[in-house]
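The same subunit A turns up in both complexes below, where it pairs with subunit B and then with subunit C.
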Partner chain A sequence: MKFSIMVNEGPYQHQSSDSAYQFTKAALEKGHEIFRVFFYHDGVNNATCLTVPPQDDRHVVNRWSELSKKYNLDLVVCIAAAQRRGILDDNEAKRQGKNASNIAEGFRISGLGQLIEAGIQADRLVVFGD
Partner chain B sequence: MDGEGGVIKKFLYVNRKAPYGTIYALESLEVVLIGAAFEQDVSLVFIDDGVYQLKKGQQTTVDSGIGVKDFSKTYRALEGYDVEKLYVDKKSMEMRGLSTSDLNVDVEVLDDAQMADLMAQQDIILSF
Partner chain C sequence: MLHTVNKSPFEKNSLESCLRLSKEGCAVLLFEDAVYGALKGTQLEATVVEALKSKKMYVLLPDIEARGMRAEDVISGVQTVDYAGFVDLVAEKATVQAWL
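Coming up: the complex of A and B.
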């Protein structure tokens, strides 16, 4: 089956990012296709490379990056939600006159149309949030 | 913008939260507005505290309220985006002492069974 995933909550604060990751990983290992993972609301905080969790805990951000690399997974962060919360890639940092960017490896910033498209293209859109 | 290869799915946006306590209501509305360009079959429901999103007379400016942008008028603009199917949960509205005359927009009021039917008909349900 072809799935799209939506992640609506921030890492560590809420379980939804963990659940979304476990679901996505399990689906890929079973041979299903993940069309896209879309990060919205505080979910965009899953995409900052400045995250530094304690060493004896899981690294939520790196875990997504590694999954993306292994399966060529499309991780998309909503641009409007990201800009509100200070998640920028190099282009956006330049455009907004900021002196730093913080998007983690494997993530890309794009618009809400990518969420709608993910819903249209997939057999199921699975939402993880509050 | 055309739907993806002519595919038209039934999208339901479920709004469950009060408008300003969290950002869910505002960011839900942003999805609805962008999504309208895809010419899908869109419905919105307002349930639980979500019915407050449609309340008339919201005052949120610094002078009169909490100093947050009032986006309640945007619901009235949805018609211009061909988003015309707005539903309110009857119990949620009545439990909060509201009636349709307290709301900014024309809505259809649904009881539990009708709400369940509406949800069962959908391809995509986005819950905010």
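Coming up: the complex of A and C.
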């Protein structure tokens, strides 16, 4: 079955980011397809490569990146939510005249249309948030 | 239909709203802080026991254990599931509604 996942909260702030990851991982391990994971609102903070948690803590950002690499996951960050919170890829950094970008590996920045498409294309849209 | 609830019923009223408004025959999954609603001996137990007469109720065991509780602390009739069971529930039901 095809699932899409929506994540509305940031890492280390609310459990929803962890729940979404565990659900996504379990679905993939059961052989389901994840059409897309869409990060919206504070959820975009899951996509910054500047995150440095203590070594004995889980690395929420890298965990998503690794899952994306292993299963070729489409991790999409809402552009408007990302710009407000300082999440930029190279193109956006250049366009906004910023001297650095910080999007983590495996994530891409795009628009809300990607969420609508995720809802249409998948059999189920599962929402994790506060 | 599957309803997912993630708020403690002692903090927010989303579980009560969900149980009041959801239809008979539906399934309700409690996870994150909502697992407190599945415990024996709380003020909410009677409401949950009543809901069990017409609805299936599930609780995410990893979230129970993460809060220092065990499967034995769960109201009988509320089924415990792991993340794989959560995935199965979503796949089984035609629609899923998150009570955020």
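To be clear about the criterion, the second predicted complex is superposed on the first by the 130 of 130 C-alpha atoms of A that agree within 3 Å, B and C clash if a C-alpha of one lies under 4 Å from a C-alpha of the other, contacts with A are read in each partner's own complex, and residues count from 1 in each chain.
We adopt the following convention: contacts are C-beta pairs under 8 Å (C-beta built on N, C-alpha and C of every residue); 3 or more make two chains touch, one makes a residue touch a chain.
These numbers come from a predicted model, not from an experiment.
Once the two complexes are overlaid on the shared chain, A:129 sits against subunit B and subunit C alike. Once the two complexes are overlaid on the shared chain, A:26 sits against subunit C while remaining clear of subunit B. Once the two complexes are laid over each other on the shared chain, residue contacts for A:121 go to subunit B alone; subunit C is not touched. Shared-chain residue A:41: touches subunit B; no touch with subunit C. When the two structures are aligned on the shared chain, A:113 is found in touch with subunit B, with no touch to subunit C. Shared-chain residue A:80: touches subunit B; no touch with subunit C. Of the two partner chains placed by superposition, A:50 touches none, neither subunit B nor subunit C. The intersection of subunit A residues touching subunit B with those touching subunit C, taken from the two complexes, comprises 125, 127, 129-130.
The residues of subunit A lying in touch with subunit B in their complex are 6, 40-41, 80-81, 111-113, 115-117, 119-121, 125, 127, 129-130. Listing the residues of subunit A that touch subunit C in their complex gives 1, 3, 8, 15-16, 19, 22-23, 25-27, 29-30, 32, 123-130.
Remark: subunit C residues 4, 6, 31-33, 62-63, 82-84, 86-88, 90-91, 95-96, 98, 100 touch subunit A in the complex. Against subunit A, in their complex, subunit B makes its touches with residues 1, 3-4, 7, 9, 11, 23-24, 27, 30-31, 34-35, 37-38, 40, 123-127.
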